[in-house]
Amino acid sequence: MPIGFIGLGIMGSRMAANLKKAGYDLMIYNRTREKADPLIKAGAQWCDNPAQLAEKVDILFTMLAHPEAVSQIALGDIGFLDNMRPDGIWVDCSTVNPSFTKAMAAEAQKRRIRFVDAPVLGTKKPAREGQLVFFAGGEKEDVATLRPYFEIMGKAVKHVGDHGMGASFKMVVNLLVAQNVVIFSEAVALGRALGFSQEMLFDMLLDGPMAAPYLSVKRPKFEDGNFEADFPLKWMHKDLHLVALTAYEKGVALPTTNVAKEVFLQAKQAGLGEKDFAAIFDYLSSGNKS
Amino acid sequence: MPIGFIGLGIMGSRMAANLKKAGYDLMIYNRTREKADPLIKAGAQWCDNPAQLAEKVDILFTMLAHPEAVSQIALGDIGFLDNMRPDGIWVDCSTVNPSFTKAMAAEAQKRRIRFVDAPVLGTKKPAREGQLVFFAGGEKEDVATLRPYFEIMGKAVKHVGDHGMGASFKMVVNLLVAQNVVIFSEAVALGRALGFSQEMLFDMLLDGPMAAPYLSVKRPKFEDGNFEADFPLKWMHKDLHLVALTAYEKGVALPTTNVAKEVFLQAKQAGLGEKDFAAIFDYLSSGNKS
Amino acid sequence: MPIGFIGLGIMGSRMAANLKKAGYDLMIYNRTREKADPLIKAGAQWCDNPAQLAEKVDILFTMLAHPEAVSQIALGDIGFLDNMRPDGIWVDCSTVNPSFTKAMAAEAQKRRIRFVDAPVLGTKKPAREGQLVFFAGGEKEDVATLRPYFEIMGKAVKHVGDHGMGASFKMVVNLLVAQNVVIFSEAVALGRALGFSQEMLFDMLLDGPMAAPYLSVKRPKFEDGNFEADFPLKWMHKDLHLVALTAYEKGVALPTTNVAKEVFLQAKQAGLGEKDFAAIFDYLSSGNKS
Amino acid sequence: MPIGFIGLGIMGSRMAANLKKAGYDLMIYNRTREKADPLIKAGAQWCDNPAQLAEKVDILFTMLAHPEAVSQIALGDIGFLDNMRPDGIWVDCSTVNPSFTKAMAAEAQKRRIRFVDAPVLGTKKPAREGQLVFFAGGEKEDVATLRPYFEIMGKAVKHVGDHGMGASFKMVVNLLVAQNVVIFSEAVALGRALGFSQEMLFDMLLDGPMAAPYLSVKRPKFEDGNFEADFPLKWMHKDLHLVALTAYEKGVALPTTNVAKEVFLQAKQAGLGEKDFAAIFDYLSSGNKS
C-alpha cells in the first residue's frame, strides 16, 4: 500500500524523497505542481488533488506551512479527510499550534481516521540526510506503526504524549530556537560596537557555556552573510505568532518572546522574510554597521 | 610585598581566601567589617580604610557591587587611588560598565598607577574553588604580572584587549547569562502550561542543542525552588542596567534585553532581589501555578 | 415585531434595558439565565436557546465576550443563524477581531441574513445612560434601518465602512484605550517615585495636552483604588490579544502594544482580571509602594 | 546687570532672542559660534568661553543638549561655575536627569551659587513665540526672582518643588510626549492596514477622547511627511534614555517605555535622528506601505 505525502516545500520534498529512496510507493500532492517534478521523476505518483490522493493510501503525511494550509488541504472542497479509509492514519508534520492540532485530531476521529501530530526538529540539511527528530503526539500503537517511516526520515522519534503534545513540544522548542538566535544577535551586536571582532566573539562564545549549541550550526551564515534559507524567517515569525497565540490560550505571559516576535516581523518588513531566520542576526546588527 | 583586596562580599571573600591560602600576605578592607572576620582569622590584615590600605601594597584588587561603590572606594575622601605608589597596579574585578572602567583607567593613569579591568565569569562555587574565568583588559605586561594571582583565583585568564575591554566582554557575557535563563524560563512556563512535567522538559531540553550548557548548573535550583543566592537577582538587574547603558552609549538597539531588564526589576519588586538570579524562572512561572 | 438580544453581561444587560424602556418588545437569551431576571421582570421574554429566539425576531443583537462565544451562539448546535428568517439582520456589538467578523458576515450572507458589525465605545455607565458610540460596518441601508435602535442605546453611530470595518475600528480604538492607561500609569509611577504626590500629578497631567481626555474619567478609580469593573481587565487583555492577532494577519509590527498585552496578562495573573482594566495603574505602581 | 545665556540651539537661540527683544543685555556663548550670529547682530555680546561669561552676569541660563554638555560647560576647564559671583543664580533649562541635576545643584551650592532647574515644555514654535511652560525646581525666592525672565520666554512657570523637581517633572512629561506619539503611531499603522484612510483616522481620533490633545499639533507633519525638526528624534531618544536611567535609580519598572526607547533608537539607526521625533510615526508605519 503506497504512502501519501502532501506538502513538498523545503522540508516535505526532502522527507518524501527519503521515503521514496527507501523503496516506498509514494502518492504525492502539492499546491504548486512544479515542486513535485523531482519526486515524479524519481517514481512518485502525482495526484491531482488531496481528495484523490486520500483514496489510495492508508498513511498520509502532511508537511505544510501553517494551520490555514492544513485546514484547507484536509477539510477544504477537495480535502483529503472525507476521503480517507477508516483506520487510516493522518500524520501531520506541520508546525501548527496545539489547539489547532487538537481540532484536527477531533475532525479525524469523527471520521474514524487515526491522527498523529509529528512536527520535526531540523531544517533543510537534516531533512535531506534523514536526521530529523520527530516529536510525536497520539496513540502509542499509532506511533509504533509509524516508527519505520519516522526512522527513514529522521534519527529519532520521541513520543511526547497524546494528540497535540507533539505540536505542543514544537512550540516550546521553536520558542527556544528563535530566542536563542535573538539573544545571541543582541550580544554580538553589543560586542562588535564595543570593539571586538566578530571572529573573536564567535570563538569566545560559540561552543561555550553561554550559547545554545545549535548556534554553531549557523556560524557560517553569520560569517559570510549569505542567509540562503534552510528555514525562512517568515516561517519563524509565523511560529512565534503561534507560540504567542498558544501562550494566550494557556494564560502564560511571555514578555520577551512577544517582543522577539515583533522584531522578526520588523525584519520581514525590511525584506528578510525569504532569508534564513538566522538573518535576524543581520537585522539586529545592521544599525551598528554604518 | 602584601596584596590588597577590597570588597569581601559573596565573590570577593572567596577570591581573597584563595590568595591567602596560596600564601600571600593580604591587606583587606570592606565597607562592613564583619564580613572580613573569617579572613582576619585566617591571617589577613585589616585596614581601617582604603587610603591606609593603599600605602601598604603594590597590587590592589577590588571586587565591588557597582560603579558607585568603586568610585567611592577609589576616589572618595578616604579613597585609595591618591595613596597608591606610582607603578602600583589596581585590578578591578567588579562588574561595571566599560565607559566607567575607562574613566577609572584614566584616573589611575593620571596618578601613574597601572590599571587592569578583570571581571570574572563564575559565581560563588567557582569563586570558592578557584575556578573563575577572568576577562582582562589592559597592558600586556600588566596582565602577565598578574597572571599568577589570576591562576590562583581562577582556571583561566583571557586577555581580551586594552583598558575597558575586560568590562566590555563582561557586558556581552552577562547579557547572555541573564537572557538565557529568561528565555528558558519562558519556554518551560509554556511547556508546563501545555501539560508537560517540569522533569520531562528539563530532561528533553537541558544539555540539548537549544539550551545554553550553563543552564544545567541551575537545574537543582529550578527543581527544588531553593534559590539561595550564588549571584543575587538584584545584581543581575544592575548588570542588565549597565548593559542597557552601554548599549545606549554605543547606539546599539537591544529590544529584548531591555524588556528582560524590566522583568528582572519586576521580580525584584516582587521580593526576589536577594535570591539567586535564577529565581527569574520562578517569577516567570508563577502566573501559571495557580 | 420584537427585537432579539443575546448576551446580557455588564454591557448587554444595560443596552437591552434601554431598548425595553423605549418600548420595544424584547426576546432575550443569555448563557446564565439569572442575569436575565431584571429584564424578564421588566417585561422582556426569555427564550430557552438562541435557535428558538431567532425564529421570533427580524433584528437580533449580540453582545458577547469573545469570538468563541459569538461563534458558539451563532453557529453551534442550537445557534441562531440557521433559524433566522431571510433578510433578518444580525447586529454583532461584541468586540471581536475583523477577520472573524468577516467570516461571520459570510456565514450570514450564505443564509441570506443581513449582517452589521457594530462594536461600541463606552463602558457600564454610558451603556446604562444610552451614551454609547457605535462603529458600524455593513451596508448603508442596513445601518440606516438600525439607526433608531442605535440612537436609543447610544449617542452616536458612525458608519465606518463595509462588513468588518466596525470591528476594525474597534481594534484601533481599544489599542488606544489600553495603551493610554498603560503609559499614563508608567508616567505616574515614575512621578511618584520621584517625590510628587499623586494628586499633584493628576492635577498637572489630566486634562492637559499630554493625557488622552478619557483618562480623567478613570481618575476616581485611580484615587480611591476601588477598581470595580466597568470593563474588566481580563476583557482588555483579550482585546489586546485580538489586536495582536489582527496586526499579525495584516503584517503590522506593534512593538509596544505587544508588551502592553503581556503586562495586562501579568496583572490578570496577579488577581486583577475581574477588576476594571484601569487597575493596570495599580499593578504598574505596586512595585513602588513598598 | 546683563543676563547670561549659554546654549543657542533650536530652543536656546529663540529663548535668548526673546530676552533680548524684551530689552535685556545678553552675554552669550555657544559651542559653535555661528549659531550666535543672529543674536550678536541683535546686540547680544559674545563671550569667548563660559568662564569669561560667568564673570559678567548674576543670572545665567543654560539650555544644552544632555548632561555631558552641561557638566562640561559648568565644570570643565573653562567652565562657568568657578567664575560666577556668590549669590548668582544658575538656571539650567536643559532636559537632564534628576540625579544629575541634584549633583549640579550641590556643585553650585558648594560655591554659594544659587541653582534652579527649569526645563521647558514646548518646542521650536512656542520657544519663538514665548509660549513655553517652565517646570521650576529650587528655592521659592529664587523662582520668584526669575519669574520676569520666565514670563518673557514662556506663558507659565510652575514651581514644582525643590532642586531637581523641575528635572523630575520633565522626565514624567517627556515619557508621555514620546509614548503618546508611539501608541498613536501603532494605532494608525494598524488602522491603515485594516483599510482606513489616514485622513479618516486622524479625523476620528485626533481631538477625541483617546488621543492626547498635543498630537493634533503634529498632524501636519504626519500628513505631509515633512518631519523638519521642532525637536529632533535623537534628543527624544536621549530623553527616553534619561527616563530609563531615572526609573532604574528609583526602582520603577517601565516595561513599555523601555521598548519605546529601543524603537526610537531603531528609527535613529534608520536615519531619522535629525528629523522631528514625530517621525517615529513614519518609522512605525513604514513596514505597511510597501
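Chains here go by letter, A, B, C and D, matching the order in which they are written, and residues are numbered from 1 within each.
The rule we apply is simple: a residue touches a chain if its C-beta (ideal position, glycine included) is under 8 Å from a C-beta of that chain, and two chains touch if they have at least 3 such contacts.
These numbers were taken from a predicted model, which means no experiment stands behind them.
Both copies, subunit B and subunit C, contribute mostly matching positions to the interface they share, with over half of the numbers common to the two. Ranked by separation of Cα centres from subunit B, the top chain is C. Separating the centre of subunit B from that of subunit D, both taken as means of CA atoms, is a distance of 37 Å.
Computed from the mean C-alpha positions, the centre of subunit B lies at a distance of 50 Å from the centre of subunit C. For the pair subunit A and subunit B, the distance between mean C-alpha positions equals 40 Å. Residue positions of subunit C touching 2 or more other chains, listed in rising order: 251, 253-255, 259, 262-263, 265-266, 269, 287-288. Contact residues on subunit A toward subunit C in their complex (touch as defined above): 241, 244-245, 248, 251-255, 258-259, 261-263, 265-266, 268-269. Considering their complex, residues 98, 158, 160-161, 165, 168-169, 171-173, 175-177, 179-180, 182-184, 186-191, 193-196, 200-201, 204-205, 208-214, 243, 246-247, 250-257, 259-260, 262-263, 284, 287-288 of subunit B touch subunit A.
Those residues of subunit B that touch subunit C in the complex are listed here as 255, 259, 265-266, 269-270, 286-288, 290.
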